[in-house]
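In this document, chain identifiers A, B, C and D correspond to the written order of the chains, with residue numbering beginning at 1 in each.
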Amino acid sequence: MSATSFLRRLFGRGDGIDQRTSYLVSLCESLLGARGETSGAAIAREALAVYKSLDENAREQFFDVLTKDFSPAPEAVGQAADVYRYDPTPESLIRLQEAVEPLRQELFRRLNMAPGATAALVEMRRLVLKGMAKHPHWKVIDHDLMHLLRSWFNRGFLKLERIDWHTSAMVLEKLIEYEAVHAIQGWPDLRRRLDSDRRCFAFFHPQMPNEPLIFIEVALTRGMSASVQRLLDMSSSVESGTADSAIFYSITNCQEGLRGISFGNLLIKQVAEVLQRELPHLRTFATLSPIPGFRRWLQRTRGQLGAGADAKDHIALLDHIEKPDWHANDVPEPLVKLLQQLCAWYLVNARKGEEPLDAVARFHLSNGAALARLNWLGDTSQSGMDRAAGMMVNYVYRLAGVERNHERYFRHHTVVASRAVAKLARECPLASQPPASAEA
Amino acid sequence: MSATSFLRRLFGRGDGIDQRTSYLVSLCESLLGARGETSGAAIAREALAVYKSLDENAREQFFDVLTKDFSPAPEAVGQAADVYRYDPTPESLIRLQEAVEPLRQELFRRLNMAPGATAALVEMRRLVLKGMAKHPHWKVIDHDLMHLLRSWFNRGFLKLERIDWHTSAMVLEKLIEYEAVHAIQGWPDLRRRLDSDRRCFAFFHPQMPNEPLIFIEVALTRGMSASVQRLLDMSSSVESGTADSAIFYSITNCQEGLRGISFGNLLIKQVAEVLQRELPHLRTFATLSPIPGFRRWLQRTRGQLGAGADAKDHIALLDHIEKPDWHANDVPEPLVKLLQQLCAWYLVNARKGEEPLDAVARFHLSNGAALARLNWLGDTSQSGMDRAAGMMVNYVYRLAGVERNHERYFRHHTVVASRAVAKLARECPLASQPPASAEA
Amino acid sequence: MSATSFLRRLFGRGDGIDQRTSYLVSLCESLLGARGETSGAAIAREALAVYKSLDENAREQFFDVLTKDFSPAPEAVGQAADVYRYDPTPESLIRLQEAVEPLRQELFRRLNMAPGATAALVEMRRLVLKGMAKHPHWKVIDHDLMHLLRSWFNRGFLKLERIDWHTSAMVLEKLIEYEAVHAIQGWPDLRRRLDSDRRCFAFFHPQMPNEPLIFIEVALTRGMSASVQRLLDMSSSVESGTADSAIFYSITNCQEGLRGISFGNLLIKQVAEVLQRELPHLRTFATLSPIPGFRRWLQRTRGQLGAGADAKDHIALLDHIEKPDWHANDVPEPLVKLLQQLCAWYLVNARKGEEPLDAVARFHLSNGAALARLNWLGDTSQSGMDRAAGMMVNYVYRLAGVERNHERYFRHHTVVASRAVAKLARECPLASQPPASAEA
Amino acid sequence: MSATSFLRRLFGRGDGIDQRTSYLVSLCESLLGARGETSGAAIAREALAVYKSLDENAREQFFDVLTKDFSPAPEAVGQAADVYRYDPTPESLIRLQEAVEPLRQELFRRLNMAPGATAALVEMRRLVLKGMAKHPHWKVIDHDLMHLLRSWFNRGFLKLERIDWHTSAMVLEKLIEYEAVHAIQGWPDLRRRLDSDRRCFAFFHPQMPNEPLIFIEVALTRGMSASVQRLLDMSSSVESGTADSAIFYSITNCQEGLRGISFGNLLIKQVAEVLQRELPHLRTFATLSPIPGFRRWLQRTRGQLGAGADAKDHIALLDHIEKPDWHANDVPEPLVKLLQQLCAWYLVNARKGEEPLDAVARFHLSNGAALARLNWLGDTSQSGMDRAAGMMVNYVYRLAGVERNHERYFRHHTVVASRAVAKLARECPLASQPPASAEA
């Protein structure tokens, strides 16, 4: 009788647990018990197959068992820690580490022997994250998976690949599926985005060759783009002249199960290097980015515009943008000015703790980019209007300044802005706050 | 001033520590402190370059610092363990895990961002292992590296590749360099070993594409090979008929820095599967293996042959093999018989704890192979004569029996042997011991 | 002054010839004159670029010049032939061959040094073929191009590649563009045609890596397919059971410029071999083919149905199919029978010279396939109804019989048909003709 | 009965012809007769196998049959030529071309359907060339093979590939086998020649992926190399500084069967382009070349040194170099000077027809290179001393001048030489001849 058929009899604990869950748990125990690795790979394969076949209920039971039965024993941990506390030798440290590491981690490592297991564990973490609100104790599973995935998806293992019309349909359809910032409207749209005046790059992991982890879309343009609709226009003519700017207009994380493992920063920098090498005449590397939190913040902040005559005028102006299609008609010049000042102020000064309030700003500024330019009506889509009154912003990555900006950001949370943006912020009615440092 | 140039000033602690070591340590601290990952990759690259440039003395200092300054603080660990002991919540477990994990691990993970770092960390472990006898406290470095490497060199990430004359010279010269069992005498010898009646396979890791981790050499023969010299003969004619046996005659671990992470078992099985698919007429998968511990054991065991007349005769016979070139002349039939009986007894019954005493036997038997046949004068090289009086053994991997044998081995340490070998062992003068179980 | 700039002055013969044509002709002369090959490649590149930039009128002029000025001189040819006629030595043969070969061939060979030239010459032949009705003297260009292309696209140089969802979008969109038999309705349709119960293969030439020369679409089914609409239904469920039949339901030549160089026959056979190896349980390799000439022939043949009472009935029945949507309602059983008999008779007996009248039948039967089954309402598309009253036919490729059938076809133009089809043909009212030979 | 088995009975014409030859001829006839291409590929495969199995005698018979029976019929050719002479229509031209083309060509094209046939036909031409002295009538086979091979090995189909230590052993051992100019002394020598300060490139054809057609060896050096022994020294240290020169020190045609199809010129230029792109700081592209005909010419020319006192001195000096090892001791300064003058004169002025007498000079000068520098004792190997009294020469490829030099060479056979070389030639005692044009 083989290990597997023997174990098949073990399931059915009679405690209300699904038979398949029970069988899976017994496989996991068996996998952990396997000495030598002969049977290991076969058990891992079987365990993975069973896991994939679980329905939601059975899967929740399995996660519960993982939480409860595969954590370290408190008493044993305490004793090992006491030994180390009073006698911190190499041996006592190693014994402590072994006592503290949950069996879950070893289980996941052994499961990873099965073909396709890496992708399955990424997917498992996605489900754990999704269920954590309801099952807060799953946090330990998340923690262990995160620990392993962070190690396996270490930057050193990632491959940067260019995506273009030579790429397989299998990968291309994933772009269509995953792109969230500016949804891809089918294959003709995708084809335009991969034309000769565009670039697209993604990171892949050797174990998941058809699954992009993150991808970025770039437009090669003359001058810094100010409108995303113009970039997305499928019928726009292909730029044939010599571009001087690379505009990063969309960056998409594809794997929810890798949340918290950051690839974007590295991607932007590697792509900038690759482009600079391929196209030495490129002068500007910048984003065309949304400002997702502006109107929400504005809603909360209106009240602080004060009580003077000016303030009343301002508030009256701002009422304007509550009307549908307000931007389709003539927009009063003072409103344009006011919104730009407020938006600049928001980006430069609004904080959450010490960091910028706007999530996209936080990402690019912490990477070492600088606020370069506000773009009036840069995104007139519904969501662009709803979230930022149509404004967009360019963050510029200057190769020479990135490292210094990054350090200043991390030491002092300095927001580096162009003169123009800094000026707008200073002229904002809210400007009693300290100004952002201007860029040298 | 950039992070790096700033740090460059920090080195030189004035405590007898090499300036480069000191600079490297400051880079490591800086790497651990890097928030965001912008500067991280650059620091990792610099740190790796500095590390590689250290001389032996400076490197030893660095390892000492890693041991001393990058281990968890005993008191903090103790407190976190106490909390978990008395309140084993997910949060307290996570905090405990964080307290226990040495900074070294995070350091190594971050170093791995630099190109070539994986190979460098494998090499670092080799040096740590080599120095551990003299520096036993380095054990914690070994433990942390082992932890990471085991995760990164997880089976799921390995690629099986066939090695033949189409393989790059870069990889082929590594085979010449690493082969330890039966040294390769230059390129013509290698070419014969890769001819059409031979196969060679290796595991590779995506991060080390030109570095085999382990490789195996196979001869396709009619019948089970009995002499390794015949296989290694460069001028032997290439078997053109239909082979019925695949003989694994050499298996070599290439990376000392991955010691303890076992690939051999998996390699043998995957290779057997690949060969069976390619050559469906293969009937036998077997090794032609050395018996490294036989004569050492025999030396210790002579005394137990007893005091009767037979025993005297036996001891007189055994004196024979102390003479140089004894096997070149006629060998008395009784000596042949006695040595075979003793060798069979040794393989079947001699133990170290519960496991077989012979290291090669231990490896193959625990993998699920069976002792198939002793080969008189199977290896007449100096080392073959010195270690095993010229005998070799075939371990056979029967696909149907491997899993069962493996289980019996792990439960009862059963040594599975063919009738012929079992009979030899039973007829041995030493045979008051219980016989090995015969193969069904 | 470089060769090129010097030549640039030569154009403009002042004889009504387009300046660019004139310049191109001078480049061609220069290319033929280039000794050594140094300047050759550069001139070829320039010539190709100029050729591609010609408008239709200039191109026609160029073809006229190619016809007139690059043919061998009749008198010189005659003399060389006379020498060979009276003194057939190796030398005189070689001199004759040189005299007869048009300069055009050498010109095309030298043009082929330029990157992309092979594809450009294929395209040139397409244009020559298209214009030949109006310019019959271009026939010599066609003949020379055909000579070269047949040599360059020699079977030995073709690569069979599987096309699936891993294939690049660049190639996949060509399938959508070229498929003529059953047009592909965009990417979702294509995706269904490449799903796990389908196969697609194409031939490629090393010089045109993104250009399929010919491709074939295959459905893996249980039993021989009878309806193409069912195969093409995008929402059909994917066959997950074990298919026993491979149905070739579409084969498309992609390069009009390679007309007359036949790849289809070879493709079908290589694909059948590949599939048999991959899926050993396949029992039947057959097409599901249109019968493009049936109704046209029927129209012409009606009159021969005779004058008896039966004949009148038959003609009355046949009137039925002139009504629109006749097949959507109940079709009288006698009509079904009559059409099948006539169609079988058509396929088996209708001839053009000694070969079958139906072009598709001619192709498959000359390849060695056999007529296997008529499928009533196998293709209810407009074109299927118009051309064949909705009928389709399966030609079966029996590996054992293909070579024999092929030989019989070429010796005696034997049409090999199944018993069922042969019987239908015999029962046809037209059957005073000799019956087709039944299949053994 | 299949075509093949039927044909198998045909062999044995009873006219002294080897049975296998006879069988092969019948296969060839059958291959030419095959309509459709179904049986074609199978017959081609069989014919090729039989051809390869022929012994020398049978092969000679086969070549004789090819010569005799597969040439066009003189009378038919004459008639077709007459028709074309008096009525040069497209149709009559096409018919003439068909009449003149030997069946051999179609036979070779059809043979090429078999796997491996291209390489086999290249090899066939090698044997034909080798036997042509004895069998001059085989010239027509050579001519037809040359015609086809020139078409198939058209530059457009060649792939330039870098050869280095990542290349397969299969290809590398071919380099060792083929290198004729400066023989490779085994693998360590090869490894040095592929080290980081060297480059090697080869052309491949898609049908012969493991067979280099031609390869070139390049050394990256500081300054123009003057001694080939220094380059070939296996223990020389690897140049790590920044090289400014690429020295082509060996170029080898690998396929005797492609004699007369020139790849070298193209190879040098493509390699220069690739190197310039990879290493933008390279300033000089030059060869370090032998002067194979110098001493032979000198032997014949001594007599023309005249009768004056100077002439006697010169002749006395020249006697010096007849002694063995003359260069190992002090060489009189006047002899050094005289030999250099004579060698310069030889390279610049000695002719064969209008072209340079020296074969290597002819090759590089016709490619557009210029004579740059004579190197005293540049090659002290036995062959270097025997052929050129130890001298070597650098030909320089100046990208800007190559095309112009090439044209001047082909128009006026101008030998472009540096001032230094031109001066040496002018100072030569033989210098009553017109001087070479100096380089601008």
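Simple rule for what comes next: contacts are C-beta pairs under 8 Å (C-beta built on N, C-alpha and C of every residue); 3 or more make two chains touch, one makes a residue touch a chain.
On a predicted model such as this, the values are computed, not experimentally measured, just so you know.
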From chain D, the most remote chain by mean C-alpha position: A
Interchain centroid distance [CA atoms averaged], chain A/chain B, Å: 41
Separation of chain B from chain D, taking each centre as the mean of its C-alpha atoms, in whole Å: 51
Between chain C and chain B, distance of the C-alpha-averaged centres to the nearest whole Å: 59
For chain B, residues contacting two or more additional chains: none
Contact graph of the chains (line, ring, star, complete, other): ring
Complete list of chain pairs which touch one another: A-B, A-C, B-D, C-D
Complex contact set, residues of chain A against chain B: 2-3, 35-39, 41-42, 67, 71-72, 74-75, 77-78, 80-82, 84-86, 88, 90-91, 93-94, 96-97, 100-102, 109, 112-115, 117-118, 136-137, 139-140, 143, 147-148, 150-152, 154-157, 206-207, 262, 265-266, 269, 366-368, 402-404, 406-407, 409-410
Contact set on chain B toward chain D in their complex: 165-170, 172-173, 186-187, 191, 210
